[in-house]
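Chain IDs A, B, C, D, E and F follow the sequence of writing; residue 1 opens each chain.
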Amino acid sequence: MLYTINKSPLMFGNLKSVLRVAPTGDPILLYEDGVYAAVKGAASEDLLAAAVADHPLYALKADLDARGLVSLADGVQVIDYDGFVELVEQHQVVPWL
Amino acid sequence: MGETVAVLMRKAPYGSVYTAEGFRSMMGIGVFEMDVSVVFVDDGVYALVKGQDPAGLDMKPLGDAFPVLADFGVTKFYVHDDSLTERGLTPDDLVMDVEIVDGAGAAQVLESAGLVLPF
Amino acid sequence: MKMGVLVLEGPYQHEAADSAYHFVRAALARGHEITGIFLYTDGVNNANGYIKPPGERNIGQRFSELGAEGIPVVACTACARFRGFRRDMVSENVSLSGLGALSEYLRESDRFVTFGD
Amino acid sequence: MKMGVLVLEGPYQHEAADSAYHFVRAALARGHEITGIFLYTDGVNNANGYIKPPGERNIGQRFSELGAEGIPVVACTACARFRGFRRDMVSENVSLSGLGALSEYLRESDRFVTFGD
Amino acid sequence: MLYTINKSPLMFGNLKSVLRVAPTGDPILLYEDGVYAAVKGAASEDLLAAAVADHPLYALKADLDARGLVSLADGVQVIDYDGFVELVEQHQVVPWL
Amino acid sequence: MGETVAVLMRKAPYGSVYTAEGFRSMMGIGVFEMDVSVVFVDDGVYALVKGQDPAGLDMKPLGDAFPVLADFGVTKFYVHDDSLTERGLTPDDLVMDVEIVDGAGAAQVLESAGLVLPF
């Protein structure tokens, strides 16, 4: 299934928590404030690396651009809304709000 | 396609309307004879804590209402073990009997249902 | 594919309604059918026909336009009563209904996506 | 003392409006003067006179009652336009105004408390 | 000043973050979902103990009662809305929303 | 009493309206000639990141607007050092010059102002 995260990683436990449930191999999408987890050099980078080790990890371009985030951690795949829909074609969705 | 649905409860009650409306959606969907599973993870487990008394907030208690869902055909309740434990809670602290599952078990319930409604 | 959408937050306060709209537009562009958009809890406020944001995107109008294109856009009746949202405020091509509509969209959909906070 | 209050969330979705109300009631009971209650962003929805929650506390009516007791209760005009909240929906003893009202309450207050999410 | 916390401690970083700013001796009030930090035996108890070590710590009774929280960690002082107002009489307020 | 006020910015932009309305409140209060200090802590520091382009969301950029506040008499900006550092940011990443403060420094600004508006 596709797990989606819309909260920032340093003030919300959502990304940390989803890793306890999402099975290895299931994709994770960062969107809205969730995209802050995709940046390089933040204190959340270890968490992101743990996510990338076990899951295909995507971040939504429109939300990255809005927030001025250009320097992304290794393993993050940037997709647009068309890509979001494509992931939903391939997977059922678990919004981890 | 979707005759089965999982309601994923991850938020604490009273602070926001999510718990109450998650509950109401289960009644609403249950009454239309869909096969509903309910999974409590993270702060969502607080919804089932015994002894909730929001009279001082002029609100209605939520916890004691959950067992009533059986009347609407909603009988499958799963609680994530670590979410319970890290909150200092045990199954005895909850208003009803539930099935305790680990992370993989919770994911399995969501996957089996297919469609997921998060509250 | 058939996709249903649930919106749990109102306009402007959170990004949820925007995200839902962009997702629906992208899904339509890829040829999918939207079985319905159910506006629940504060989400009902996206159905308000009097939204007039000076110089900004009109989120209310966006959902009305999706309705005009034949997509069922339905706001929860009970939630509307709690929020003082009356039937005469509902924007064109949007309607009020109960949780039966949500059940119907779930039943008809291959995929279901919720946007909230 | 003179205390001002700011509310940033609407009725029912979050506890903020309830907390603000209980705080104001307790402050009045202790003999304080409320300089004003400013309803900002989604907080403007607490000023809706058509709120009709079946069998539940009426948050809209509560703010209206505080207004009837002489406390200035003001909802942000610009926020209201963004939310389709029209002047004719405003409950009794509540009014719409701009950020000047917020500035005035700040200026007049010894204490200022914000409730939001 | 009186720092107020309305978010739960295991899913939100608010309590952890306020301890980096609130000066020693300034009181902290837990209300709304913030009261979950006051319970005994939760994984947030160390954080609560750190708060109690440096700050008078209060939890709002109406919110505790609503959530069925009866077993509280050491050092938590339970107050009602009257007590909340009394704290505001004594301190300016920093809502750590 | 309150001729001075501190606006406390703790939330990320775009995900919610808080940043935008915190900004608007500063203009509104500044124009009424109050003495405004602005403190950025936690996700609030993201409000000042350079290069924000929300065109894809059909929203207006927030970051570049902050320097304009000087025209409304709002000129005192403080950024919490640890909040910046743990986000992998340096002062060079921000849209304007600000004063970097530690936790105690941030608390001092809030205390000096007396009244605090949080967004």
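Just so it is clear, contacts are C-beta pairs under 8 Å (C-beta built on N, C-alpha and C of every residue); 3 or more make two chains touch, one makes a residue touch a chain.
In this text the structure is predicted, and so the values were computed from the model without any measurement.
Following the contact convention of this document, A, C, D, E is the list of chains adjacent to both chain B and chain F.
Between the contact lists of chain C and chain E, the overlap consists of A, B, D, F. When each chain is reduced to the average of its Cα atoms, E sits farthest from chain C.
The mean-CA centres of chain A and chain B are about 25 angstrom from one another, to the nearest whole unit. Each of residues 6, 10-11, 13, 17, 32-33, 62, 92-93, 95, 97 in chain E touches at least two other chains.
Each of the following residues of chain D touches two or more other chains: 8, 12-13, 15, 22, 41-42, 56, 78, 111-112, 114, 116-117. Multi-chain contact residues, meaning those touching two or more other chains, occur in chain B at positions 14-15, 17, 42, 57, 59, 115-116, 118.
Under the touch rule stated earlier, the contacting chain pairs are A-B, A-C, A-E, A-F, B-C, B-D, B-E, C-D, C-F, D-E, D-F, E-F. Listed in rising order, the residues of chain F touching chain A in the complex are 12-15, 42-43, 46, 49-57, 59, 63, 86-88. Across the complex, chain E meets chain A through its residues 10-14, 17. Across the interface of their complex, chain D is touched by residues 6, 31-33, 62, 80-82, 84-86, 88-89, 92-93, 95, 97 of chain E.
Residues of chain C that touch chain A in their complex: 1, 3, 8, 15-16, 19, 22-23, 25-27, 29-30, 32, 111-117.
Per the touch definition, chain C reaches chain D in the complex via residues 9-13, 41-42, 45, 48-54, 56, 60, 78, 81-86, 89.
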